[in-house]
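Listed after this line are the structures, all set down as structure tokens.
What follows is a pair of complexes built around subunit A, which joins subunit B in one and subunit C in the other.
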Partner chain A sequence: MINVKMLYYPGCTVKRNALEYEKKTLEILSKIGIEVYELDNWYCCGAFYSLAKDDLMKHISGLRTLIKAQVQARKHGTNKLLTLCPMCYNVLKRVNHMLRENPENLDTLALFMDEEEKYTIGIEVLHLLEVLRDNIDKLKRLVVTEVKDVVVAPYYGCTVLRPREIAFDNAENPEVMDNILRALKIEVIEFPFKTECCGAYQSVFNRKIVFEKSGEILEEAAVRGANIIAVICPLCKYNLETTLLSLGKKLRIEIVYLTDLLSRATGP
Partner chain B sequence: MSEVLNRVVEYSGKNPYACYQCGTCSAVCPMVRFMDIPPHRAIRLLQIGAGALVLSSNTIWICVSCMRCVDRCPRDVAPGVVFEALRLITLRQGIDKLKYEEIPNIEEAPTLAIVSASRKLTG
Partner chain C sequence: MSVALVTVSRREILQPKMVKIYVMGREYLVPEGLTIHKALEYAGFRLIRGVGCRGGFCGACATLYRKPGEYKLRIALACQNVVEDGMYLVVLPYTPIPRVKYKLESLKPDVGLVLKLYPEIARCVACNTCTKACPQGLQVMDAIQAIKRGDLAKAADLTFDCIACGICSMRCPAEIRHANIFHLVRRIYGKYMSPKPRHLEDRIKEIEQGKYREELEKLKQASVDELKKLYASRVIEPEE
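So, the complex of A and B:
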């Protein structure tokens, strides 16, 4: 099997709150022949893309990450930068896109930096879902057991599908995750709430909003017969889980990372 | 143009006057039910020089920049981007909205929730 190389940017939350997500993901990737190189000394991507037009400085953290990837791209011979966290994906891909559309912004941003080399806008930012989608045939061949008694509601959240210019699937009715799960013979329901907002960072500002929004997602999944909600984002998972706890034992539903399900199907 | 509107144009690069009040933004907004003023009305208030009402509403702090309205706006007014400019009018005065000591279960909250809330709700 020819191995594909990828740089890997974990981001803060994967390393602090979602180590299991990372572990299972890296195992699956290695099984489908993807060699992953974690960036050395990576730092914050910025978490949220700044929308202000007059304040480029807020893009520095994203740009620095991309430059770091550029340096290590030469060492490892690949320009692909893998992300697991959809927020990291969103920020890095949007900064990349903004620089491609307005390369003159690079000169302004360079004024804030001393030691970094110039960014040549050559890094390709990828999300895990895209990588799994492109290797779906290899995934199929790995299936060793049928995952029984599991009915999955795939839940995408917002940040891998919006805004339009960085989306890799239809924002209204994405199917990437559905297709990956189906390919592994895991039962998937039609889930109209798959892109509904979980409440995002309101969990630290106005928690009632999260409980209401995530509560609707949980109830809809349960009504449709799902016993698992598959997620790709540590923040969606946290919001859904804390909401589930707040509901007591009313719903029999579990929030699970997509790659956890994949690893159940493909064995140890 | 009012002072608030001037700032909005400067910070966001968007033109609220282009809005023809179709209401799509309010229809697709996942947070609209929690807002004092729905997005399309906030834009209308900006147009008629009543931006101060929007600035003092909870609307701009409830928006989580999900980009639904931005993707769907047929006039590229992009309320989600305009709201960022409105937040910045307050935040750039050094007034923070997020109080760290009031965050519930801060130890358990995922890092990215705290970092992203900081990006949106503090200067």
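So, the complex of A and C:
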């Protein structure tokens, strides 16, 4: 098997709250022949993509991460930068896109960041879902057990599919995750709430909003007969789980990372 | 090898070359080669703020200056850097970076802890201005980023030489209280993460058990001459 190399940007949330997600993901990637190199001494991605067009300062964090990737890309011989966290994906990919579309912004930032080498916009930011989608045949071959008694509602969240210029699937009705799960013979339901908002960072300011939004997602999944909601985002998972707890034992549903399900199907 | 003799005339000693500096906007003529502190004293200032050890360790004399024709805001320690012609300077009397209260004994050493005590680290935009402002040449932003990454050992290591002058905090757009955060991180590292020195613990136990009491008593009674003799004949561990 020809191994594909990738740089890997974990981000703070994965390293703090989603180590299990990382572990299972790296196991699966290694099984499909992807060599992953975690960026040395990675910086914060910036956490949010700033929408103010004249406030370039807010993009420095993302740009520094891309430059770090550029430096380490030479060492490892790959320009692919893998992300697991949809927020990191969103920020890094959008900063990359913005710089490509507006080279004058890159010049302005380069003047300020005179201690760094210049970014040549050569890094390709990838999300885990894209990588799994492109390796679906290899995944199929890895299946060792049928995952029984599981009915999955795939839940995508928002930041891997929006805005359009960074999306790798239809933002209204994405099917990447559905297809991956089906390929592994895992039962998937039609889930119209797959891109509904979970409440996102309102968990910090107003939990009622999170309980309301995530509550709708949970109930719809349960009504449609799912007993698992598959997620790819630590924040979605957190919001869905805290909402589930707030509901007591009303719903019999589990929130699980996609790669956890893949690892159940492909064995240890 | 030939040695060039430098002759210094009496005139040069009595009338050193003077440079012009501007202290808080006012012009002073001071001798070339003085440190900023000494130049201030030469100009008649009595130093009661913005001065400490005068050896480059305490961080009390954070100084900001600009040079003529330059936009760049430069930094210095007034006790370590010498005056330059045309310098526009101010020695900061104090940097307000209040410390958060915590009990080291009851802390849990993880990244969430630092974020909880000093939430502003989440606001770092990675501009690296702090690093450019550090008179110790530390990788300040890298240390903040290491904390955000959860690598407290790395942050403790990167900030070992921090003298808490506070200039980075004054320059930081995210208003991070660097010196106190680094202090906290090094304390956590020392208490919870660095390997315990066995020999130190053994020695403390020995002291507590009174192993050296008798010897100390003897020293207390000894005359000055005896002490001098003992001191001269002491065994010193060889340096590596």
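Note that the second predicted complex is superposed on the first by the 267 of 268 C-alpha atoms of A that agree within 3 Å, B and C clash if a C-alpha of one lies under 4 Å from a C-alpha of the other, contacts with A are read in each partner's own complex, and residues count from 1 in each chain.
FYI, contacts are C-beta pairs under 8 Å (C-beta built on N, C-alpha and C of every residue); 3 or more make two chains touch, one makes a residue touch a chain.
Every value quoted in this text rests on a predicted model; they were computed, and no experiment measured them.
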Combined model on subunit A where subunit B meets subunit C, clash or fit:
fit
First (subunit B), second (subunit C), both or neither touched by A:K53
first
Classify the contacts of A:N41 with the two partner chains as first (subunit B alone), second (subunit C alone), both, or neither.
second
Going by the contact rule set out at the top, does A:R64 touch subunit B (first), subunit C (second), both, or neither?
second
Once both structures sit on top of one another, what is the angle subunit B-subunit A-subunit C taken between CA centres, to the nearest 10 degrees?
80
Tell me the contact category for A:R162 with respect to subunit B and subunit C: first, second, both or neither.
first
After superposition on the shared chain, which partner residues are touched by A:E115: those of subunit B (first), subunit C (second), both, or neither?
second
Now for A:C12: first (subunit B), second (subunit C), both, or neither, which partner does it touch?
both
Which partner reaches more residues of subunit A (counting touched residues only), subunit B or subunit C
B
How far apart, in Å, are the nearest Cα atoms of subunit B and subunit C after the overlay?
5
So the subunit A residues that subunit B and subunit C both touch are 12, 16, 44, 46-47, 58
Quick check on the complex: what are the subunit B residues that touch subunit A?
10-13, 30-31, 34, 61-62, 64-68, 70-71, 80-81, 84-85, 88, 97-98, 103-106, 108-117, 119-121
Residue numbers of subunit C touching subunit A in their complex, please.
110-112, 122, 124-128, 131-132, 141-142, 145-146, 148-151, 154, 173
Going by the contact rule set out above, which residues of subunit A touch subunit C in the complex?
12, 15-16, 41-44, 46-47, 57-58, 60-61, 64, 112-113, 115
Sort out for me which residues of subunit A touch subunit B in the complex.
11-13, 16-18, 44, 46-55, 58, 85, 87, 158, 162-164, 171, 196-197, 199-207, 209, 213, 234-235, 238, 242
